[in-house]
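Please read through the structure below; I'll follow up with questions.
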Amino acid sequence: MASKNASKSKRAKPPRPRRSGKTGLPAGSLVYLGERKTEHAAITLIEYSPDELKETRFESLADCHSCAPLLPKVWLNVHGLHEPEVMAEIGRRFKLHPLVLEDILNTDQRPKVDDYGDYLFLVARFFDHDEANLTVTSEQVSFVIGHDFVLTFQERPTGRFDPVREWLRADKGRIRSLGCDYLAYALLDLVVDRYFTVLEQVGERSEDLEDALMAKPDAALLQTLHQLKRETLTLRRAIWPLREVINTLVRNEGRFFAPETQLYLRDIYDHTVHLIESLEAIRDLIAGMLDIYLSSISNRVNQEVRTLTVFAIIFMPATLISGIFGMNFKAMPLLDAGNGFLIAIGLMIGVASTLGLIFWRRRWIG
Amino acid sequence: MASKNASKSKRAKPPRPRRSGKTGLPAGSLVYLGERKTEHAAITLIEYSPDELKETRFESLADCHSCAPLLPKVWLNVHGLHEPEVMAEIGRRFKLHPLVLEDILNTDQRPKVDDYGDYLFLVARFFDHDEANLTVTSEQVSFVIGHDFVLTFQERPTGRFDPVREWLRADKGRIRSLGCDYLAYALLDLVVDRYFTVLEQVGERSEDLEDALMAKPDAALLQTLHQLKRETLTLRRAIWPLREVINTLVRNEGRFFAPETQLYLRDIYDHTVHLIESLEAIRDLIAGMLDIYLSSISNRVNQEVRTLTVFAIIFMPATLISGIFGMNFKAMPLLDAGNGFLIAIGLMIGVASTLGLIFWRRRWIG
Amino acid sequence: MASKNASKSKRAKPPRPRRSGKTGLPAGSLVYLGERKTEHAAITLIEYSPDELKETRFESLADCHSCAPLLPKVWLNVHGLHEPEVMAEIGRRFKLHPLVLEDILNTDQRPKVDDYGDYLFLVARFFDHDEANLTVTSEQVSFVIGHDFVLTFQERPTGRFDPVREWLRADKGRIRSLGCDYLAYALLDLVVDRYFTVLEQVGERSEDLEDALMAKPDAALLQTLHQLKRETLTLRRAIWPLREVINTLVRNEGRFFAPETQLYLRDIYDHTVHLIESLEAIRDLIAGMLDIYLSSISNRVNQEVRTLTVFAIIFMPATLISGIFGMNFKAMPLLDAGNGFLIAIGLMIGVASTLGLIFWRRRWIG
Amino acid sequence: MASKNASKSKRAKPPRPRRSGKTGLPAGSLVYLGERKTEHAAITLIEYSPDELKETRFESLADCHSCAPLLPKVWLNVHGLHEPEVMAEIGRRFKLHPLVLEDILNTDQRPKVDDYGDYLFLVARFFDHDEANLTVTSEQVSFVIGHDFVLTFQERPTGRFDPVREWLRADKGRIRSLGCDYLAYALLDLVVDRYFTVLEQVGERSEDLEDALMAKPDAALLQTLHQLKRETLTLRRAIWPLREVINTLVRNEGRFFAPETQLYLRDIYDHTVHLIESLEAIRDLIAGMLDIYLSSISNRVNQEVRTLTVFAIIFMPATLISGIFGMNFKAMPLLDAGNGFLIAIGLMIGVASTLGLIFWRRRWIG
Amino acid sequence: MASKNASKSKRAKPPRPRRSGKTGLPAGSLVYLGERKTEHAAITLIEYSPDELKETRFESLADCHSCAPLLPKVWLNVHGLHEPEVMAEIGRRFKLHPLVLEDILNTDQRPKVDDYGDYLFLVARFFDHDEANLTVTSEQVSFVIGHDFVLTFQERPTGRFDPVREWLRADKGRIRSLGCDYLAYALLDLVVDRYFTVLEQVGERSEDLEDALMAKPDAALLQTLHQLKRETLTLRRAIWPLREVINTLVRNEGRFFAPETQLYLRDIYDHTVHLIESLEAIRDLIAGMLDIYLSSISNRVNQEVRTLTVFAIIFMPATLISGIFGMNFKAMPLLDAGNGFLIAIGLMIGVASTLGLIFWRRRWIG
């Protein structure tokens, strides 16, 4: 029982959100399905125009109540989704549909994009490779993309959006002169780039495992193999729909993304196709490894059985000869001869050598 | 024969409706294909307007004959489909096509939606996880969705629609002010939510089985594995077409569902996609388990054959030596020497140890 | 050689039509590809109006020559296709394209529907489950559906269309008032319903086989398994295109089928989808059985090899001990002691018991 | 080395055209990729009108230079493609694009149809079943279909188009009154009909192999199985695109094929679908045979291992008993008893019988 | 550890570009992801009109700064992409989008074509078969196709475009009179033709491996098999999207390619389809080889186990008989008889011969 639990914790399955707990609640009920964090939700508001940038960080909900945006373009980022009141307040400010708020809190969404007329609602996932447990984890990141605002929602503070914050502060690539659509693109690009890192780590673990399997096929590696296979399935379930999401944005010209930004979205689309190919290559590698493992095992059985065959057959006649000369007959040839023993031993060696030669010629030995 | 029947009943296959019995009957023949229940059909009529709600429960068909709806929106729910006269009467009242009535009684329908001009006819399934037999069961639930009425038909009373009844009574989420399309949505949402519960239970059983297989691969578990696989196939046959049904409703704008309700249907659509992904993940898990099981078995054979190999090869030379010194030659070396026996035993131990060392170096031992 | 022929006849392959014999003939050559029957072709003509019904059965071709239809709606059914002159005459009367006549005689057509402007030509198959040989057989049934006539062609008289004949005679469901399109629907419904019966029989044989395999995996059952698999493939090749045929009719509104009849065709379409699902479920079951069979076999090898391992290892040391005390050394311990024999036997039992205990603890025994 | 070459020639792989030799040549370079034949190219010109037919056979290129068609409809057939000058001359006469001429000479084309405005260019393959080597071979046949001419190109004279030549001479089916499109159809029909013959031969070899495998699974049959599998793959690569070619012609109404001829093309289309089904059925049969073969092999191992198990276990105790009574202890029970030997033998037989009974009950014997 | 590294280097994996290093950089950052070469970038400019041709080769960036094209059609080829300043300068001259420059430097692009309004941007790959390491390598080649210029970018100088250079110099096929679109076609054709060479080499290695496997299935060949499988996967990932790229060009009529050139693109399209079929045929061959290998292995185990069975069973009774006559009973039959020994030996030979005969009849021997 103890070892069973141990192996369970070793596989390090993340606690899955349980949807069944929401059965019977009306649509739009704000129930956070992720793990409850102890800290407060953290809200960061960045307002900017080509010439100015204003950053505000709210420590509590009360602060948030009293402030109104001063500059034309707004990026509001929220960390920590376990306080439904905060979400409800944001929903009121930006006129968000209850289903949008519900989806932000249901953190097991698959990537998707929904058009709500006044804004786009987009869900994606940030992946991480847990070096300690050798597993991948992920958290939901939600975007609300309006004409003059971008809202982003994350389960916990990760600093993954920091590069874009730096570009805004330094106005790198004139990002402050471009619209909110370009800001949304830049943030999505960070989400997509994150997958390259995770895929490279999974790919490296796959190749390490392959080398280990080539060196010595071991039953313990089979478990690792299945763990890797499951991780690639998890990644697959995130990347394939993400590609469709980006594709929808690319084709959806003019409504929320300017033609110039479309070109950049097409670039991200290329990245997602590239990610899918890398992932499928890893999956092919893993599938091939299972074949190698299984045929190695059956090959080893083969060689060991053959060794037994050869040894048994070589010893059998000698053992029979010794048995024959151990019989208690009164009248038996050779028993009284002086070189009888040597003749018997010679007979044994002769038969064994002949068999050995036959097996060597058949390449069953050596 | 007894054990065969036992194993049959253990697998707990639900009695399947036999379509072949309907061959040669004209279209629209009202023959109930499910299990015949003993109780009467139960009809519940809920009429409502934004301000009022009237609930009536008919005990017999006669009661049903005399009543006419008083309020603008009507929800009629029927439990128990084995009384064709009741169905025929409802058909006359709501001008239902004979094929609709036939489909309601053919309780092995796959989920579908048909547009009959004046109303939509929709079939779905309520799933249950039978804890005693560790199997999933399902029953058909049919919807007729008109502009000012919703009819629902279930095989037996389950109380699954009770939450919506409560919302209507309490006017939660202003459900009474919204149209019959929203009521239909709310009922469909209950159908879809039910799958989350069942999938979580099947998923848990899959993971329990995986843990058991990891701990000790056992032929008995293989049967459970195939039972689970078959259940996921059953669920698959229900969920995939259900997604298509909801998708049809989402795209079918304006005829029976108001634009606002479309958004809610899109939410259910997300749920069905989520369900399909969860189900496929469970199926991948099960497929992986079969691989693990089979390779564990072949691995065990491998190790046992190797153990035999090593033991046999270690014992064989010693046995031969004992045979040699048991031969009855007059003139044999060592026989008369005082330490002959010890030399022979030493020879045996020496050869056996040398072989043991060779196998230990090859890692065939330990 | 005899047993080979026996197994061949046991598999009961139906004689396949040989298309290659038609190479080099001009298109529209009337060559019947089925088995040549000895009886005459039988032609039944049913003419009807809402009020009248006239049934004529032609015994010979000459009778057919002299008659002309009197009532507005006509159903001509032909049994036996081996008399090309009959077919040619019918073709002249109803102005059928030579390719239609050719297709009627090529009785290995896959289900299809072709629009010839003045009429639809439709091919389907009637299936049968041969209880004696435990195999499925099928024969082609062809429909020509015009605005005021329906022609049906069958290879031999089966009585499968009798229910519709009865409805026409009794004017059940007012079938005589409805158009020829409804008659065509009613006949197609009989074709589709037939599949339910056959699928149920195949499904039952599959489940019986599964029970037999569970009870005792046997090489003989493997042959049955492959026979069943092949039958499901045969059914698959008939049902999948049949669904497409019906689907074409459903979408092809207004030309040959009135809107009201479309609803009925949609009902048959549901049936074909249902059939496909049942068939795929049976195929999944069969695929699962092969897995069970193969893993049962490998599991049995496993257990038998283990038994050998355990026995061999338990006996080997005892045999060696007996050999050691059978050596002919002058000076050997214990030989002269009074309890030497018992000590030796005790040693044997002790070593064997110890090994037995070790194996029992490893669960290799019991 | 000798046996390797032998097995290579046995597989009888046709010399494959090598495309790489054309790298760096400009488009339209006329290089024949097939096997170089020694005979001259043979050109047959058939000109016809409803009332007349003129056949000319050119022995050398010079003859071809001086002649011009006299009748409105022309069919030019060329055998032997290894003389680029002949091809270039034909290209000039019929204004063919250099890419068309190149494709005619590249005889490893997959079936396709290209619209060049003034004519259609169509490539297909004639298959043959080589009875001696038990393999399929194929050669390319190219069609150029204009409004008043049809050109056909074959690698060598096969006589496969002779039936159409006979119809033209005899004006069978009034083929001379119909357009060049009907001539093209008639020739295509011959190409398609050829596949039926080849598929029947492959199908028969598959069934023969199945019977042989059922009778006695043999490693030599495995090679035949893979040869057959490869042939079905070759056929598949020819038939699937051919179906698409015909389908393109069927949909491409009015440009080169009159509506009446469309009906005939639809008939060929049916044939290609039928061919694909037959081919896939053969492939399923072959896949099933591999399963049967592998499980037969593993089943045989199973039975032989079991036989060994039973024999070894039955002999082991008897051998031990003989060893025990062969020990040289002074004081041993039974040795001096008169019936000691019989008791020992009885003990051996008793233990062996008991074990035999146990195994018989477990059905491991008999 | 040493052998692990050895096997790693043996597999000769090319260093993969690491995308993760670009995370957090703004779009259009010019970072070369391939291997850094030591030589300078080499730029070759070919300007031409129907009558003239001017070739210039720039040794350093400074030379490139001062020159402007004199003739109407321009082909600029760049070898070596590791100098971002060169790329930036070219980008300024030809007004290329930063994303185009970025893609040229990201040399792990999958084949694609993007329309940037003023020019097409196309990425493909040149493949090579490394004879020494028996593996395939590839490098990216990028095209920018404008109305009067073609830019090509390669990672290193390979001379693969030399044939087109020769055609331009000799005005072969009047290439100088045709537009830049024909030049782009001619270069693309070289890219596609390259695949034929590589596929033929991979195909030959596959057939060599098959012959080796047929001759003697060996565990070492399995590794080669998996190496080949992986190479075909690499080729697949390059060829399938390349087909789509060419298909896009074929359908994209009139914008950058004249109708006449479309015909030539369609020819390349045929080539890519042909390549895909050849590749899939190789992949089928490889898949079949794995089957043959695995069944050969299991077949060999089978025969060796059988040999053991037969030998063991033949020796066992003889060994038992010798044991029986070696027992030390006082009163034993035959011991004192003169021919006792011969009778015993005869008994042994008799039993062994009988068993041998039985096995020979069952065909377990010979």
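As written, the chain order gives the labels A, B, C, D and E, with residue 1 at the start of each chain.
Note that contacts are C-beta pairs under 8 Å (C-beta built on N, C-alpha and C of every residue); 3 or more make two chains touch, one makes a residue touch a chain.
Only a predicted model underlies this, so the values are computations on that prediction, with no experimental measurement involved.
Path length between chain B and chain E in the chain contact graph, taken as the least number of steps between touching chains: 2. Common neighbours of chain B and chain C: there are none.
Chains compared, chain C against chain E: the Cα-based superposition rotates one onto the other by 145 degrees, nearest 5. The centroid of the Cα atoms in chain D and the matching centroid in chain E are 27 Å apart. Centroids built from CA atoms put chain D at 43 Å from chain A.
Shared interface positions of chain D, i.e. residues touching 2 or more other chains, are given as 298, 301, 305, 308, 312, 319, 323, 326-328, 332.
Because contacts link each chain to exactly two others and close back on themselves, their graph is best described as a ring.
Neighbouring chains touch in a ring; in the direction leading from chain C to chain D, they appear as C, D, E, A, B.
Against chain E, the residues of chain D that register as touching in their complex are 3-4, 7-8, 13, 18-20, 22-24, 26-28, 97, 99, 102-103, 108-110, 112, 114, 116, 219, 222-223, 226, 229-230, 233, 237, 290, 293-294, 297-298, 300-301, 304-305, 307-308, 311-312, 315, 318-319, 322-323, 325-328, 332, 334-341, 344-345, 348.
Chain B makes touch with chain A in their complex at residues 163, 167, 172-173, 175, 185-186, 189-190, 193-194, 196-197, 200, 211, 214-215, 263-264, 266-267, 270-271, 273-274, 277, 281, 284-285, 288, 291-292, 295-296, 298-299, 301-302, 305-306, 308-309, 312-313, 316-317, 319-320, 323-324, 326-333, 364.
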